[in-house]
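Order of writing sets the chain letters: A, B, C, D, E and F. Residues in each chain are counted from 1.
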């Protein structure tokens, strides 16, 4: 091989200078008008759906700051997403009515209606988990059909609504009942933790396509987990939602509801990289609470690497589909 | 003098062992049924009224933890409140509908309706500043008349409501328009900071009895500030609301919206102690965000000392009025 | 299944609001008089037995604060301890003479004499490891026979006493020599770390029933470890003492003497849950130094989950034995 | 007055949501091409001139993040800079050769040559104090005359160069000797601290127009300090350089070389606001080390408020001079 | 003046590189054998006398680390102590029996017996306040007469002993009763804070030469405070003991028992520097809890600057007395 | 066995009191003159070769502080290095010209020329990775032949130089081209992470003896990794350089460039201990950024344990070779 420019130290170092310049997701151009964009990276700084943590609105900024050093490629995937498709930072969803969970959900839905209408595939950074249903609702209105769901989380987030609002961080039962997601094409990965009642997650276990607990994940191994995910969602369109608390808090301490006995980054990234080729119509990363991260910002780094990974998977799919 | 028990080191030390045992406010007995109580110390763990900070719901716990070492007397006031009246920790206001600001305000109001009906004088720990109007609303319904207000803050918190809710952390204009507080018997102390618009606080300056900015406070000095407060609120019933951000962030870093160029604890405590004898019908301390405090917990210590001070002032008043 | 109350989001969320209200262990009722109690949760805020760390007296408060969100059930065990037996927070052992290690040990012993006399099974939160021998001494005086010991730790804590006091954090050799524990029914799990002398732990290896080092634990696996523990302690009464430093510091950083190359929570909890059915007469969790924990409080969370686990195991045993 | 839009809570709150969206200095538009700009806000993320601290390159990002909530007006000055002139964020000076202090100085100088050539007045955020001489050198080459200097600092930063480089964080003696600044029109404010040798600052005291130590500042008061500054720099062009360590570390802990016994924000901001009307041709804020700041980010807040203040002073001057 | 070596940047910078090399107090030579020493800097890493904080044993290391950048002169005093007398770091007092407060006090006393016998003047860094009486006891045995005491503190530390030990952090009443200090030549400066009983400090007020509360300090000012100290201790030998909690926690957060409304560094250092010429026979700095300090280490910096100040005062005295 | 002194608690505890006394590496004697030394422990406080992190100069101090509690033996190796050879702390390399990377490299090289000339085997603590090439250059000039290299790292650090300097933290390609290391006897362990270009590490993969990525490490296991290292470096002299970022950031957060999906301490220490008997001519530990460590200092603890391990391996080799 030749001593190409890309192996020069100065160019390499620039990619690690995360603190330099204006911070955008993966140092992509900021295009609030959605122009020239195949994949849109979007911040949803909302903490209006979860009373726990309540620092999730600080997530997008923290991921921008750190992921500004992540305009990179994933070694094992050998995908350069920035060469394949046009990737932009679309900014944050404006949330002036953040104090009201229902109005906030409406604001999120309205923003994504524009995104889907423009033919942009969104990869979003929350915010708490209440941001996902309105995104999916916007897609549902655009497409008219439910979507499959790949849901990494230590909690099923599938309960009856709160007395205060339907738009909570645990809205996947409601999303299924509303026909927004297809429960049979929904797979949850990483469920664990002690429970307020032993029946708590019964709905999910009985109604979803597949629930892989952390215990089962460890027992069957990454390869089988990947196979199960592929089997459940199949070739149809699927959305990927990733709650950072699926990782063990030793690996991602900065989350709202840390659950012990979790998965390592090694286990999780193997599965994530195993999803190449699926028909992903969007993805999000939720639950990051920056003030609970450690000084080395390892949760921000994990979120940034996931952001890059999801972008790679989708870019690869779009390029393969001739859309890049 | 005699070598009384209270000067023995072991007894003294116990008062400093803030970490010992079950933490209640000022280590008072926990009486959720409101029995045997003249002054009720109450936590209001709400962050539903302010999008900034959003860690204020963690305030009551943090103040209980630290104030458990504050069952003390204030040297200069020479008031022993625990000998004068019956002081209890009434627990936290239950806030199951915390995601909805209006429902939360209703829950707060309902709790304080019980408190006032029981003849208990409340001293509350927030929570963001949205907790104060529902407390005053409960009192208003109980008494049928507006109350005077002594309002320490770096912000006037007197604006037209948010589109999302009337129950925000800036509800004092609304409270005045609703007849809950008497604007002419309202005094604000410590207003400062840069402003989004130069007209921002015009309503407060034009409609309230007195607004003493931090600049004016420093210019006229503590004695004059005390005189002004006494002049404005007079002998009638008055409520004291204390936003910790009136203190300079060097002295109270753990607040939602720190404003530079603030007041020192020395300046503030002189004024607070100068309010002895006023007809205080309740008090609160708001805006504490424990994760933003420093390792030495100096904001928690300031809040605890304010809690003790307000309790002393009210105990002294109740005892003088023959109610202790 | 039915859409039972316990799967409603509001009820679920309440279990996660660890900051709400007065903090007791696992949010159990505070019963300092020991009434109506089968299992008594007790804080022992002592740091008088270990010169390292010396923040262990802050442990009980920190575990109360976090475990207030842990009134839960363990998914895999399917035990609801709160339905089986009466569980109370008995408060902290009063330690006015904390500066003197021997007097403090006497104070602890006297407290537990009352506990055992009342027929209450104690689950304690330290404090450093010097709290365990006086608890066992109280039991020994009550019962008149030595007890088996299941001892999770990275250190054997079995040395000749300090010149300063016999009541140190390393008192298990002394406890064996005093006939308080039965060395042949004692098993240590997790021993590791570099050593001041290669003979340091010889006494333990030569005299105890079994010492399973971390290296051996990893080699033989959790199932074999469980079998070994069961084999050594048998059906007789056994006490479980858990030093948090048996966990790797990546999983439990907030300990006095972190030892690298430790066990993961996954490895440890599998073993702990495998102890179901043993005749546990008490348990404790020691060595937590809250100021060394990280912002996400993962050590406090681990301690809280262990507290719940030990309570489940004992509740199950008591219920099975017809005592719940 | 009318109930203008700018006193509506939602609009007010937006100004406090510092975490929202893409962070630029004072939330100004990002214009890397220098178009449509009167005042250019510039980051200079360099720590190549000071071996102490060495986190100053993280300063611009941290000030952008926090000052995104500072698009405001200063109450006492009654200046709305955003209405007076066109203010842009020009991004960071590219510093690919950051490891070499001399090459880095050249890169800084080249950037500012473009800025001055475009008629833009720069307000910069460092970086360590080595960023100031190359800025002034660029101006000198553009204008051909030395500039007056208003220098807030606890150190004179006026020494003979290091053996390693002339481009250190203490380059004001060199700048004077090179004719870039006019020492007679240079005033230093806030000098203090213990010294390696009593002669250390002799050059500054003997050669500069005026050195006001912190002791003298306190003795003569803010009004006299303002008068002295005005007297020394007169009506001619002057540059303002502000090392955050002039503030007491209680008020600005996040600096490379904290010096005790410093000035309060109250003292400093009174002087800064007293400089209105001076012919300021640029300004900078240096020495911020974000990892040394506290959780409440009070140093970032101080830097943001200084950035706003300097922008106001210059906007006012430009508008008065008919350039806005 | 000439461009002397000591104004060269490289030499100046070396004094600020506190992290470089082996850390000793003020970067003085380590001489555990007490040879060639006029002033001996000594660490006393004990936390055996105070149940609060219990991290004071970490103080000497933290002060060594930071004061390694403080081999300097005090600008206003114009004293170069390193040129006047021989100053050494004597290491830490060995405290193998740290768990026992009385044995520890004996170990401290024995160490200082050697120090005084060698004619060395000690300046010590604690450790909690229990280190001072054994130091004074050693001196008393050496000299045979009580000493005057200049005691900076927010607490009088003068109570009847604990049930657990006489060797507590509050031993000045005992020290007076034992004839070790002369109560009439004792002055306390900075007493304040809320109190467990109003009589708590009666003994100190009635029996000591002078107690200047913080309130009185602020009222009468630094000049009068200096005069009062000089009047009380006179020309006779006096020992200076400095509890860092006399400083306001905004200026020195890293202390065991922070008391609000304290003194600023500006106020304190003016008084300290005003003690020049007094017959100081030793000094100490106590109560530093490094884990409670902030990231900028402002408490460590304050302790280091006090260490330098006390060393200057004593060096000046020794040199004047012809002993340097 | 006998109850030897070394199993007495007081002696054991002393080894854990890391905060006591003057801190040197592994509490070895400080011998800046290189006398009586077989293994010299050396600090190289440089951050002049890497723009990322830039706190690596704080590493030696932090490792001294913590490793002062590590004068121990490694359980599994059963090596007591302190009994085998003479081990000293040689202090830090003086780096007065730290601002200039090339001059700093010269200063490092000159220091190690003295070390090798004295027949001392160096074990060094950085500093960033730019410290290794000058150490090897000094050895090369002393010996006249290239050395084998065992290189633990998540990055290959083998690129063409920066425009600013050849002396960067990524100088292993240059070192090979200069004939200082033998590329065919070089093995890299742990390479991973996302990359700025897919060709970035091509030079290393094509030119070095062996590159074992983290993925391959996990696949083949510790035993095979040890075999591969032994195969590549053989019996000839080899230098061991350990970048702490080879560890997963959950286990070593305090590094300049954390890379997810890393190796656990369990995996790494097994390999390190498997290197016994190799002909190690020196070793270093680099990349530690103390301000990014967590409160429990787990990175400092890991670095200390590695320092002990490398010292054991070399002491064993020297003793076997008859040099101890």
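One rule holds for everything that comes next: a residue touches a chain if its C-beta (ideal position, glycine included) is under 8 Å from a C-beta of that chain, and two chains touch if they have at least 3 such contacts.
All values reported here derive from a predicted model rather than from experimental measurement.
Provide the labels of all chains in contact with chain A and in contact with chain D.
Chains in contact with chain A as well as chain D: B, F.
Name the chain whose C-alpha centroid is farthest from the C-alpha centroid of chain D.
C
Tell me, please, which chain's centre (mean of its C-alpha atoms) is farthest from the centre of chain A?
Centroid comparison gives E as the farthest chain from chain A.
Write the angle of the rotation needed to overlay chain C on chain F, where the fit uses Cα atoms and the result is rounded to the nearest 5°.
Superposing the C-alpha atoms of chain C on chain F needs a rotation of 120 degrees.
More contacting C-beta pairs: A-C or A-B?
Answer by contact count: A-C.
Where chain B and chain E touch, do the two copies share over half of their residue numbers, giving same, or under half, giving different?
On the two sides of the chain E and chain B interface, the residue numbers are mostly different, under half being shared.
Nearest whole angstrom, what separates the Cα centre of chain B from the Cα centre of chain C?
Whole-Å distance between the two chain centres: 40.
For chain F, jot down the residues that touch at least 2 other chains.
Touching at least two other chains: 10, 13-14, 51, 57, 96-97, 162-164, 168, 248, 250, 291-292, 294-295.
Among all the chains shown, which pairs meet the touch rule set out at the top?
Touching chain pairs, listed by label, are A-B, A-C, A-D, A-F, B-C, B-D, B-E, C-E, C-F, D-E, D-F, E-F.
For a test of understanding, state which residues of chain C touch chain A in their complex under the given definition.
Listed in rising order, the residues of chain C that touch chain A are 1, 3-4, 6-17, 70-76, 78, 80, 248, 250-251, 264-266, 269, 294-298, 301-302, 305, 308.
Enumerate the contact residues on chain A facing chain C in the complex.
Its residues touching chain C are 51-52, 159-164, 168, 170, 192-203, 206, 213, 215, 218, 248-250, 253-255, 257-258, 260-261, 291-294.
Please give the residue numbers of chain A that touch chain B in the complex, ascending.
It is residues 47-49, 51, 54-55, 57, 96-101, 103-104, 162-165, 168, 291-292 of chain A that touch chain B.
Which residues of chain D touch chain A in the complex?
10, 13-14, 19-24, 30, 43, 45, 57-58, 60-61, 64-65, 89, 91-92, 94-97, 291, 295
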